[in-house]
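Contents: one structure, followed by commentary.
Naming follows writing order (A, B, C and D), and every chain is counted from residue 1.
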Amino acid sequence: MPRIDLNCDMGESFGAYRIGADDAVLPHITSANIACGFHGGDPGVMRRTVAAALRHGVAVGAHPGLPDLVGFGRRAMEITPEEAYDLVVYQVGALLGFAAAAGARLQHVKPHGALYNMAAADAALADAVAAAVRDVDRGLILFGLAGSELVAAGERAGVRTAAEAFADRAYTRDGALVSRRLAGALITDPDDAVRRALRMVLEGRVRAIDGADVPLHADTICIHGDGAHAAEFARRLRAALEDAGVEVAAVGRADAPATAPEA
Amino acid sequence: MPRIDLNCDMGESFGAYRIGADDAVLPHITSANIACGFHGGDPGVMRRTVAAALRHGVAVGAHPGLPDLVGFGRRAMEITPEEAYDLVVYQVGALLGFAAAAGARLQHVKPHGALYNMAAADAALADAVAAAVRDVDRGLILFGLAGSELVAAGERAGVRTAAEAFADRAYTRDGALVSRRLAGALITDPDDAVRRALRMVLEGRVRAIDGADVPLHADTICIHGDGAHAAEFARRLRAALEDAGVEVAAVGRADAPATAPEA
Amino acid sequence: MPRIDLNCDMGESFGAYRIGADDAVLPHITSANIACGFHGGDPGVMRRTVAAALRHGVAVGAHPGLPDLVGFGRRAMEITPEEAYDLVVYQVGALLGFAAAAGARLQHVKPHGALYNMAAADAALADAVAAAVRDVDRGLILFGLAGSELVAAGERAGVRTAAEAFADRAYTRDGALVSRRLAGALITDPDDAVRRALRMVLEGRVRAIDGADVPLHADTICIHGDGAHAAEFARRLRAALEDAGVEVAAVGRADAPATAPEA
Amino acid sequence: MPRIDLNCDMGESFGAYRIGADDAVLPHITSANIACGFHGGDPGVMRRTVAAALRHGVAVGAHPGLPDLVGFGRRAMEITPEEAYDLVVYQVGALLGFAAAAGARLQHVKPHGALYNMAAADAALADAVAAAVRDVDRGLILFGLAGSELVAAGERAGVRTAAEAFADRAYTRDGALVSRRLAGALITDPDDAVRRALRMVLEGRVRAIDGADVPLHADTICIHGDGAHAAEFARRLRAALEDAGVEVAAVGRADAPATAPEA
């Protein structure tokens, strides 16, 4: 039976500022990537988001970002691999504190924004992120863009990885995301996005922006949580997957098929 | 055989900024209170400080502070108990990440600066800090001012506590610290400070600023790490204690006499 | 002809985070208090908010707060008068940069949140805030709670002051605001709030929470900008004032009646 | 009579953290680049640094940096020209506040660290920085690397510029600085550095790292303020310049030869 995880970024509110539609999205997903205070999130938001995820039976993971709150972690910064290692250990540890306090375990780590993109393309940064995840807790699963340096680094480091795909983003023939700055980068029709996600899961393929049909293996699909229709899209996507006989489950569940590191 | 722990605040450098004389002090102490990035410290400093402490066989603990880097965590803030809980969980968790990455365990938590003082005097804040420590890891030892609300809160929460005393601070008849704003608050003569520390450990007593001789139980004595003579004082104090037959050892060592919570 | 200024806190968004309904409120007010990056606001938000205020012919002022973004500047901090002076100079200067770049002048300074409340009650902090305003630009008008230490400090410092009143807050017999923690602190009925504001302006009086009728002189009335109905309330209040023959104008307009400092 | 300005970065301490040797260097320089709180500096440090510079008759300028305190503004960030404009306006304005409070005028603006390097190489960022300087105060002088995009942008924007050279850095044949990562990038012999500076000022030439002799026009020479021998080097350089008949004076002095914008 085919199986997929649905993940969403969560807990990105900060102090008096609210962002995202966490409560509306949580019923439909299986893994929550919780911001850790660098690009978004604060200690109180982290505690409440862990609690909300657990109430919905959603697996919790850390979503560490660059130290750039005003830029929401979306601006690339010239950091060293050592700095990447340190900021991932710090943020994963901080969320680990809240998970422990709630009697829960962290399932995964998914870097945020510019850190995610930098680690997808730069092997040295990717190795540093993977080492950080492994060193904090060897049982954590590293989420990275399918086919990216980050997933490869996780495999090198001996940690479980989950290949992530995006239902609402266009792909190049090489399996990379089309830059948001280019026309056609976003799949804006929800029906189309659902169809693409189904095909990724059932056939392991996606049609690239140039029309080529390319392979794409996905362990988890990312739901964007901040649009007006985020929750509705999440609900529809999950229903369509389940209707098609796909099991929607957290990647870290005992029997889940996340890629095992080579022995 | 009498026994005492010597602790010192560590890892308070930040980015390009250096503070403290950690490397010089580490050979003489048994417990390191490591800043966690709010009042001082940053992820890289935390990693390197954990490593340095472990090289010297010094037990590592978290030193969480208020979110006030420019004020070095020394300015009281009107925070709620919930906010206190959250910022302790966050910071202890972050350091836990580095300890885990280094294959070590955290021994203790000692709040910093204004948070330490606020939690010494305010039972609700103290309960929140103690609950945070317990919830992250029930095996952690909470360091607090001897006789303070924080130590009482730790006992209520069922966590081990260590009563802290200061060799270089004057005490009131009630066992409180004399405010730094008052004359005579600081014991500036190192010989005098050493004598007072010896008497605390061997006799459990200290002479208060008004001349009264009062009881004072100490599990750990704080060494200030930022003066020019910090390391030299630490060396002398430790030598004097050992010459007097006192065992100087981390409070969390298996056989150490930290106050056990009531069953 | 009676005259009043209507002011509102503005520009408190930060990075990706949106707060307030600035665009909806601006058509109805005469003075904008623009956050300066410490409790809210960021450089881009400041530039855009200055531009928006100028488009609506609204006078611009600085709204400096405590360095506590996660607490939105609402948590009291134990700062020295010197620290208060410095953080007001810094933030007013920063906004002055954007005003100069837009070819505009700053009209006023109104401290935010906990800083406003601390300076209302503590003469030394109030003197420091007033000195900062005077030292940056002697032509600035200092907004403070009517009858507070801050207004008195402005007068001592020789700066123009504007006494501020709140349509939607209850007052004590002494002219202080009833703490938000007490029942009845907020005037939740908009009709009631409008009636109270009219009476403050036309009669210089308000009914205190204990039923006493007390004098209250207001140069400017604060509109809260973050509720769902902020803009609608602002529109109604302004219409009611104008219908009653009150001129609604920025306090710093050449002919406006802000309290002049004693010669 | 040949003439040169000597500038140094100043006021980069932060809270409890001290960096630099400002007091020792100030007697020997003519222009102080004062940090504005983003990469270093805080409101209190800014006030005290302005006062110290004025006591020594040193001209004050703003030294705005990227919002990266932990990285000391040395890490490149992917910011837009609009973001560069905004953060320069903000920081120059903030320092303007302290200058106004001290009864002084700002002479110049010199971007810091990664912002300086980015604006030296990227015309769009350089235009944004130059526009910010012009918009805050058309009388400000923009300091930039001699021959860089930043100086060209200043000229396009119609602001006065000062071309900056480094006595202790190696140059390429094109007049660019040799990357610090390459061998020979730093001139470590003080005698050599003094000789090179003299030749830049008296002959307008420098020997590049490949041995070529290339033209280099300098209006101001940068003294590094954070080494152990910073003050001693500044003293020697100034003495050597004056012995050679060079007038050492702030670039913005009424009669100083900063490059005037084309009419």
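The definition used in the following text is that a residue touches a chain if its C-beta (ideal position, glycine included) is under 8 Å from a C-beta of that chain, and two chains touch if they have at least 3 such contacts.
No experiment lies behind these values; they were computed from the predicted model shown.
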- Query: Pick the pair with more C-beta contacts: A-B or A-D?
  - Reply: A-B
- Message: Can you check whether chain C and chain D touch via the same residue numbers (shared by over half) or via different ones?
- Response: same
- Message: Just the number, please: Cα centre separation of chain A and chain D in whole Å.
- Response: 43
- Message: Based only on mean CA positions, could you tell me how far chain A sits from chain B in angstrom?
- Response: 39
- Task: Can you tell me which residues of chain A touch two or more of the remaining chains?
- Result: 42, 70-71
- Using the touch definition up top, name the residues of chain A that touch chain B in the complex. 37, 42-44, 46-47, 82-83, 85-87, 89-98, 100-101, 132, 135-137
- Query: Can you list the chain D residues touching chain A in their complex?
  - Reply: 67-68, 70-71, 75-79, 114
- Query: Where on chain B is chain D touching in the complex?
  - Reply: 14-19, 40, 42, 69-72
